[in-house]
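There are structures below to look over.
Shared between the two complexes below is chain A, which has chain B as its partner in the first and chain C in the second.
Up next, the complex of A and B:
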């Protein structure tokens, strides 16, 4: 050891490094907190941008006209901004998707949770996760170039772009989500309850129907609501396969535009900032955001409020 | 007094068992329904795209001529985008998770951040696109460059990384922390030297899954206004860019005009899926390799 360093120096040095350590120790929580705050800033950013531009939009278009208008003609003179055509497109595609996702997803959950052996479950679940991991753009391609042509051989009046095909494909995409959330709910039902039903002579189906599903109903319903929220916010499938017709119709064989597809179309067209068209983007996005937020909060409320504790 | 009529029960038993069996096969069929669609989708994409994939397609430039088109530009775009998304989400996501799990007191602020994160996860991706357009592209005047796209994507996948990291940190047994404190380590030393290494596999797995989500995501980037134009290869984060999903999107909608574009889209999908498959395999390998360590 160097002769010039005596014990006092060493203690001094040690203290200094401890001081630095102490300062750092105090700073860490503050640094981490400011990082954590960024997620809140994101939410504030979303709310602020949507609100500010939506207010600007409603200065030019009366709010009542927007929500009750059946005509959407964003370009040219006499532009009209009624959101109803977009709402019907969104709601219809969601309903079609739910017709696929809810029954198939729930039955899949029942099979995986109640019927399948451990080995089968361990093989099937990762495969279903693959389905959930495929990018939506791929489903859009699939709907447009494969499902629609097939559907057109059965339904001659079907337009090349229509709301039916993306609705169905969207439903398939959402199956794994419904299945895995519902399965989680079902497998958290204690097996004593099943065994009780078996002991009374119930078959597996009767046990599932009368015991397991009622006991896990809050989680199952919550999974449906989340699936609806997901379908409302889904963008690429409907953008590609449903075209951009802004007709106010309930005919699912026709082209329709959803709220999400409208946002894609308008931003892709480089709407000049400050125009009514540009602001309409945010009004539609605000509507979309509120819809999905309500669904998400509803799902949280259902699974909290109606959960049966065992 | 007899409560159960045993002959009646016996008579109905056959039907009940039959219905049960029938239900089981229906449930099984709906389980494999999704998988059948998956197989059809894969077959369809492969059969249409595979013959278009050659060295020239992978390394070539975009072109309006279907025969000459290549996807090097979108591939590089995806790569550069990840160079922004990966560090940003890792720092923000893991930082938030450490704060919530190790430092935050169970108070209002903590539950606000927690609720906020789970709600952010439910916001449609296209809304994040509008946020990026307003804040990064127009507000900060970045334009539709890689940095703007990367920051937008980072915010989008942030909840995934936060939740995965939180789970990983929560799974670190308390006695490891206590042993570290017992050795005289401070809180930060414990977090840095004990909690982080132990939760790293979980954090990495979650981050890779988040990245693969970002690679496949299209909608927010369309909203940022990234055009379907042929642009030079990007070579830093301030360049304009396009990515694989966007290119697939433009080829798909333009296939109404040029038939071959559908094949190009299929070929690009094959490459995109291979990329995602490779990333997910890495995630699975990490998970399996480190699962039994604790």
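Up next, the complex of A and C:
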């Protein structure tokens, strides 16, 4: 061993060369901030574009007609731009998806977090997350060529394209999201709390239901909301499996179009810039945006309202 | 080393004071009896041939250095130790006339009879009221009026009613650590168990809160049999009737507290209580 190593001197010598490092150290937060600002600017940019073009649309179509109109006929001589058919399509498909995703996702989360052994959890959770990695176009295809034919054997009146099938498949697609996020929320409840309940003679189910779920409810609701937002914004599955009929109906066996599918259809066709059809894209996109924004605000309120602090 | 005798003397005094205490219950009924109890965490032999009889309506203290198995022991009594997946147990434990490892005896039933207070206060993230009402509710008591009475009685029983009676709907996490611990004791009392296990209940508390909990333990032993794990020997001497000294997973000595502290039979007990190790 070299006995002549003098750490104090070495540190002192290095100090001189460390001035550059110090300048860099001071720059780091500024660099990081400007990178963070990129995403904020992007959001502002998108919002600005949407707003400007939406205003242009409402100069041509009265705002009231847009939101109360039950007819959407964007092409032809007497074009009508009522958004309600798209709204019902979006809402119905989302509701159907949530009927699948919330119970299945939550029960999966309860199983993984409260019942499964470590080994089972370590195997199942990644498998579940594979489901989240499947491209949505594959789900769309699956809904159209596999789920719809099966459903039609049970429901004779079901249209070849309908909102039920993509709704169900969207629900399946979202299960991993609900399950994984809810499981994270439940697993982060300290085990001392479970022990407190067990020590009172509570069964595992009573502990889960009355202690773990209430303690993690804000995280669970957050997972529901993310899932709802995902369902509202989902495009490919509904475009493929629900067709493009702009029906204003609450009959889920019929073909309907969602807001997202409308945007796909119109951007895919010829919508000359400056035409009403072109502007209607922005109005629908704006509606979609406001929709998800309201959902998120609502969710934040709910999760704050029910949060159990610990 | 020179302070040892002073410390020793203090224990003797405390123990002697207890002799004049007429409230000591001399009933010799047994609530728990362990026979050749052995426990392993994987390869680690944590409890070795434990044979103990825990008396009714008394405070039994379990003392010993860290890692001696004292917490493991009381967690075995209500089978909470099974939360650790790699645990293996042999031997038998009788709770009154029930064998606790008998598959016909439901673990939930055992834990309803044998309550537990933990080292770190662990109230639920609910209101004070809901914390106390949790136990009665899961055992089927739903009547609001009855629950109100149970909550008040339990909080009074845990000597915290006056401090919280005006804020029963507030989250229990807003309370101080000492108050939280008494809430946990009240939560335990709410289902009127037979035995209360306390796993170092004051180790996370300040001296004043500790004193309150100790006084409470004295009060509670009229109605409950209490087994308390403590690393604080003065505490064991102050509040317990019986003391078991654990070392490396074995019971070195188990006798009346004043006997154990004033006249230990085993050299290791003497070394420990006089502060020579641990």
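As a convention for this text, the second predicted complex is superposed on the first by the 261 of 310 C-alpha atoms of A that agree within 3 Å, B and C clash if a C-alpha of one lies under 4 Å from a C-alpha of the other, contacts with A are read in each partner's own complex, and residues count from 1 in each chain.
Keep in mind that, in the parts below, a residue touches a chain if its C-beta (ideal position, glycine included) is under 8 Å from a C-beta of that chain, and two chains touch if they have at least 3 such contacts.
Just so you know, these numbers come straight off a predicted model, no measurement behind them.
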Room on chain A for both chain B and chain C (clash or fit): fit
Chain B versus chain C as contact partner of A:276, first or second or both or neither: neither
Touching partner for A:215 - first (chain B), second (chain C), both, neither: second
Partner chain(s) touched by A:206 [first = chain B, second = chain C, both, neither]: both
When both partners are placed on the shared chain, which of chain B and chain C touches more of chain A: B
Partner chain(s) touched by A:187 [first = chain B, second = chain C, both, neither]: neither
First, second, both or neither for A:197, with chain B first and chain C second: second
Chain B versus chain C as contact partner of A:29, first or second or both or neither: first
Partner chain(s) touched by A:245 [first = chain B, second = chain C, both, neither]: neither
Superposed arrangement (fit on chain A Cα atoms) - minimum chain B/chain C Cα distance in Å: 6
Residues of chain A contacting chain B in one complex and chain C in the other: 201, 203, 206
Chain C-facing residues of chain A, complex: 117-118, 190-193, 195-203, 206, 210-211, 214-215, 308-310
Chain A partner contacts - residues on chain B that touch it in the complex: 9, 16-17, 19-20, 23-24, 26-28, 30-35, 37-38, 40-41, 44-45, 48, 91-92, 95-96, 98-100, 103-104, 112-113, 116-120, 122-131, 133-135, 138, 155, 158-159, 162, 186-188, 191, 212, 215-219, 222-225, 245, 248-249, 252-253, 255-256, 262, 265-266, 269, 272-273, 276, 280
Residues of chain A that touch chain B when the two form their complex: 21, 24-25, 28-29, 31-33, 35-40, 42-43, 45-46, 49-50, 53, 103-104, 107-108, 110-112, 115-116, 124, 127-128, 130-131, 133-142, 144-146, 160, 172, 175-176, 179, 201, 203-206, 226, 229, 232-236, 239-240, 260, 263-264, 267-268, 270, 273, 281-282, 285, 288-289, 292-293, 295-297, 300
Partner chain A, residues of chain C touching it in the complex: 78, 80, 83, 85, 108-112, 115-116, 118, 120, 122-126, 134-135, 137-139, 171, 173, 184, 187-188, 191
